Amino acid sequence: MQQYTAKLNPEGLKSKYKEVRQHSQTICKPLEVEDYVVQPVVDISPPKWHLGHTTWFFETFILKPYSSGYVAFNEQYDYVFNSYYESLGARVVRTDRGNLSRPSVTDIYQYRAYVDRHMDSFLKSALLPLDVITVLELGLNHEQQHQELLYSDIKYILGHNPLFPVYQPDTVFIERNKTNTEFIKVQGGIYEIGFKGEGFCFDNELNRHKIYLEDYQIAVETVTNQDYLLFMLDGGYTNFKYWHSEGWEWVRQSGARAPLYWHYIDQKWMNYTLSGLHEIDPAKSVCHVNFYEAAAYAAWKGMRLPTEAEWEVASSEINWGERWEWTNSAYLPYPGFKKADGAIGEYNGKFMINQTVLRGASVATPKGHSRNTYRNFFHPHHKWQFMGIRLAR
Amino acid sequence: MQQYTAKLNPEGLKSKYKEVRQHSQTICKPLEVEDYVVQPVVDISPPKWHLGHTTWFFETFILKPYSSGYVAFNEQYDYVFNSYYESLGARVVRTDRGNLSRPSVTDIYQYRAYVDRHMDSFLKSALLPLDVITVLELGLNHEQQHQELLYSDIKYILGHNPLFPVYQPDTVFIERNKTNTEFIKVQGGIYEIGFKGEGFCFDNELNRHKIYLEDYQIAVETVTNQDYLLFMLDGGYTNFKYWHSEGWEWVRQSGARAPLYWHYIDQKWMNYTLSGLHEIDPAKSVCHVNFYEAAAYAAWKGMRLPTEAEWEVASSEINWGERWEWTNSAYLPYPGFKKADGAIGEYNGKFMINQTVLRGASVATPKGHSRNTYRNFFHPHHKWQFMGIRLAR
Amino acid sequence: MQQYTAKLNPEGLKSKYKEVRQHSQTICKPLEVEDYVVQPVVDISPPKWHLGHTTWFFETFILKPYSSGYVAFNEQYDYVFNSYYESLGARVVRTDRGNLSRPSVTDIYQYRAYVDRHMDSFLKSALLPLDVITVLELGLNHEQQHQELLYSDIKYILGHNPLFPVYQPDTVFIERNKTNTEFIKVQGGIYEIGFKGEGFCFDNELNRHKIYLEDYQIAVETVTNQDYLLFMLDGGYTNFKYWHSEGWEWVRQSGARAPLYWHYIDQKWMNYTLSGLHEIDPAKSVCHVNFYEAAAYAAWKGMRLPTEAEWEVASSEINWGERWEWTNSAYLPYPGFKKADGAIGEYNGKFMINQTVLRGASVATPKGHSRNTYRNFFHPHHKWQFMGIRLAR
Amino acid sequence: MQQYTAKLNPEGLKSKYKEVRQHSQTICKPLEVEDYVVQPVVDISPPKWHLGHTTWFFETFILKPYSSGYVAFNEQYDYVFNSYYESLGARVVRTDRGNLSRPSVTDIYQYRAYVDRHMDSFLKSALLPLDVITVLELGLNHEQQHQELLYSDIKYILGHNPLFPVYQPDTVFIERNKTNTEFIKVQGGIYEIGFKGEGFCFDNELNRHKIYLEDYQIAVETVTNQDYLLFMLDGGYTNFKYWHSEGWEWVRQSGARAPLYWHYIDQKWMNYTLSGLHEIDPAKSVCHVNFYEAAAYAAWKGMRLPTEAEWEVASSEINWGERWEWTNSAYLPYPGFKKADGAIGEYNGKFMINQTVLRGASVATPKGHSRNTYRNFFHPHHKWQFMGIRLAR
């Protein structure tokens, strides 16, 4: 896997383990038991699946191979909680996750407690070999990725219920008003992108390498709800010329006319958030748009989306962190990219086709999990993550 | 709707109401909260939906129109719990029932308590008009139909979980061994079929009318697991000549090789039941076969399935009541059949195309809900009900 | 197969063979080569396929088994022209028929000439065994069925082309004006239906058997375009209450608002016919409606469709022969029905599920191919045959 | 559209017009009428559609706007022959192209003759404005693209017919044996890619721009049939680890085990070519593999596919021109890419998502239509073009 130097000493790792593991459960605290179970569409996983799957990761890649004498909590969980690791055998097909009422939520919390107890003993035990530290750190980052998915999947589950149940009455994510409409100018030339330094990174952020950029400009802020509303009012969804061919097909088939979670009720655009339905706030960043919409918006403005290299090079001069930002870059390997051996090698490389890179981080990204070399990726039609738009020209 | 004379006096109806309503909850008692929520395939409904929908029936067709001053428990439940009544407006599409985590199970039990409380006051109130008695009796029979569905849907939900959870450790349904292989001979001539008498019947059992039958023979018992296993061992699933063209297509696409819930494990045929996986009991009636399988089995035996008229005419001389028995009759109106006006008229008539009649009753049918004129109906490929086979020739 | 006495002497059969075989080619005469090739939807077969398949029938069931020394025209045609006979091995899947540019039209006419030449020698040769006469007569009736399909498939191919090409400028089918709105009264009692007599019939018309009918009335004429237009104008396609549940679903998904081939152009309802687009003729029988539409129309009139037994019993007193008339009877075996052994046994029995019986004949039915016991059958959603509506009450 | 200086004087353009237009018809000469009509899968277009569509291009973009008094051959052809230009209104949906028997092949040749006659007069007429020259040159390049599609679509149509008809008995495309297994070394640094010079290029080849490359090696020859067979024999299609996740899914669903047109017959791998079935020639370049197969092959070799920039920079030192070569580059705009206004602007830009770049040219590419900056693009699962593999490391 990735070449890196462990940033954390064993003590640091142990406390980070507790903190990360706890955070997943904190996110789920406001849920009813029923909310843990459903899977309205294939891309969403039931919250109980996320809780089980992240636990299975530590059991499978640390306790089973390295903790001698460890007895699995339930041998059949391999089948239930494997996500996509072909090397690890059969698994529940993704579309069936929401069809399983068992293991129950109680079972899964017991599973978490069991694995955490064993991890605790194991981490205390002795000197951890480098391999274990590597996988442990990957496991914690993996769980943090699922924490963001927990937020977006919970929002999808509640936000697609006709009763619009509230996750938490208070505002869940505080966001800045966006008023700066400036663009930063970047001069063409050779730059370096990719991870550099001492901490953790995913394999897809390596190798750090040179690229050549032309002169470009990039917006300081992401596009606001107000901006996007103007696009909608100007017929953005009914004029094919702003759209990719696939995007136009998507508009036709989906009937989309607004970002996800926007509802036109009593002459007003309302927005379902984790704290319920509220009127659109014009000064906040638009959220839950897909790549087709992001690209169409940019075309309507006579501009374009930045490439991921342009984004990274300018990252210190722009405000980012509230939205995953669609780039116009396909998700492809960097020069010198190598897949790790074994199941861990299935983490990133095999998805490098037909997906698009998003840069930045979002309000739902756990603290300490973001950096300017992070390469998030989704299919262009996805919009259920906290995704937004930044313009370039 | 049906012409009938109320069998029950108001007191009888009140106590029947309590008894029927309670039974639905008794069936659900062994469930975990999570089991109430899922919908593994479109034909299955989540148990919480059954509990809500049967309650909505009384609220919609009795309390709202007849109980003055009644305030709905939640106006949005109309949208959530309407099953297929076009006259009553928009509704959650059937495939989405399992995507709704709310209303929660607790909410639904509160809904039931609320409606039952109001029904109790209402039933006590005064003389019930005939219209109300009619709908009340229909509502109770409707809930009894859903009680059978609760059993079959719960079995499907648990029986398709890779952990094979047990609903109840003790045997849920006691069944007789079948050893009698005789056939009853019935002489041709004019007979009458259809409901006659004083109690309740569905509109599809009317009018009682004459039919002409040729001489025929019909088996005293339904086909056993042992019988069916011989068909399987003789290559029944691999020889097209026993099958309808559609049935053969179904075999090819589904890959079916046995009744639903049969699993070949360690050289033995095991059967998932509500009390868990057990070895096939050869002397019990085969269960969970669809029409294609029933007809193919009969063809392999050189016989055929009875028509529904043949079944009804012989019903007093054969043993029935453990399985819904596939007939070779399409579900069509009897002479003089009339749809009731309004939403109640959508109960049966609009389904009279492309479905096949099953006669009898099953181990899961509530007591007091079966009679020899009852016309159950399903699509020919369905097998998740407690369905079996009776031969004729 | 069917029990029957050969109506035709060998000489009669020989001349009938020539006449029937010639008629298929006469129907195709107005076609361009390209028209022989396409298959716009799965139910339609390319005309060249019909010409080849009917020829293959004689080659496969007569020449190969009975004409010693016969050498197949092309061994691969078995694969290309088998329609659905499972006993005869692999075949081009139905949806692929329109994907095959070869054999060319010229090849197929040569194939026909080759088989006809050999059939001619064979028929001249000597005494024909009863088996051969039986299959020969079936083959001729089979080809006549495909002649009707040729008309309906050609109409579909040309009628779904945006250029609306004309098959033949002159009227192809002469039809009577319908003005009689009377109903015939039939008294209840025991009747017999099913084939009786000396000529040919299909196995599904046997056994002749007794049935009991209640009193009923049946219209002398089929429903006219004018009648049907009133249904359309009265919102027939937008009120669910006239429709079966499946039918309403069909309306929603198909967006249907009129019979097939009706086009609303410049404020007029136009009708594509084999002689091109013409204004609707109000006094002619409505054509190209499916079962759902037929049943909805009858419900709107407060009446119903006849059963097939009612139709047959009244057949001598009503005017029929211009439209295949939807009945409210499912396609099921008559008492005593037996499938023939071997491939011939696949002709009818295996389709006896989920299809609906049509009675009568149509303007496209070849002369000498109709009788009042004939049981045609299609799926309820089909409307590309020359299908119409007769009312009963 | 593209900035360029016309390479051809008007006389040159006129003779090029004749030559290009004639070549399309030459390709179709060996076809039967029926071969012009069919469309076995959505990606293939019927040859008669290609002949009509390329003609419609000149009629729509030159004769109608610029040749005063021009009368369209048939106004409805707009609907029939528009491929994807949203700006130009409704059109036959792509899947329906093979359902149209008319216009006939004769009609389309008349259409071509009519448009060619008018183009001839028009080109002779006077000074051509720059706009016309631009569109004319685009139209000729467009027709050349369809010439390559004619070859691949004809091969698909004949090669998927169970009779394996031969297009032309003599070898259609002469190819070199590949024996050189060397790799060229290219030193890292800044390079320029994109079109430069005076002739025609597509808009997607602009702007020429700098890129930075790391050191790399690229094979002199493309992968041979022999090479690929070793991958197959080594279980390449059964080991997920060589495949992208999507690619593995494709393997599972398609059941693919070899390149398109390979058939294992009598213990030998046979290859359908335009001259019929022949045994695989081990020294020739493998053909008809998709991106997933190309990438899996490279992974199995422990190497990778080149990027399009690596390919272009090395293009003068490698042997190319027999296969379109899959790169590991997504089809994205070059810096400064601009869409032209109007319908012409729909040519390339709107397809820049979820497609993969192929470089080079193939045996089916018309003479004069290839250059080392040409960016061909297809979806990763496509394999019916003359596509091959080149390794990099």
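Lettered A, B, C and D in written order, each chain numbered from 1.
Heads up, the rule we're going with is that a contact is a pair of C-beta atoms (placed from the backbone, for glycine too) under 8 Å apart; a residue touches a chain by one contact, two chains touch by 3 or more.
Going by UniProt, the chains are A, B, C, D = Ergothioneine biosynthesis protein EgtB.
Computed from a predicted model, the values in this text were never measured in an experiment.
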Practice problem: Give me the fewest steps it takes to get from subunit B to subunit D if each step has to go to a chain it touches. | Solution: 2
Quiz item: Counting shared numbers against all numbers at the contact of subunit B and subunit C, is it over half, same, or under half, different?
Solution: same
Quiz item: Of all the other chains, whose mean CA position lies farthest from subunit A?
Solution: C
Quiz item: subunit A to subunit C: how many Å between their CA centres?
Solution: 58
Self-check item: Euclidean distance of C-alpha centroids - subunit A vs subunit D, Å
Solution: 37
Quiz item: Could you state the distance in Å from the CA-based centre of subunit A to that of subunit B?
Solution: 45
Quiz item: Among the residues of subunit D, which are close enough to touch at least two other chains?
Solution: none
Quiz prompt | subunit B-facing residues of subunit C, complex | solution = 84, 86-87, 190, 209-212, 214, 240-241, 243-248, 291-292, 295, 304, 328-330, 332-333, 335-336, 345, 350-354, 356, 380
Quiz item: Can you name the residues of subunit A that touch subunit B in the complex?
Solution: 32-40, 48, 76, 79-80, 92, 96, 98-105, 157-158, 160-163, 165
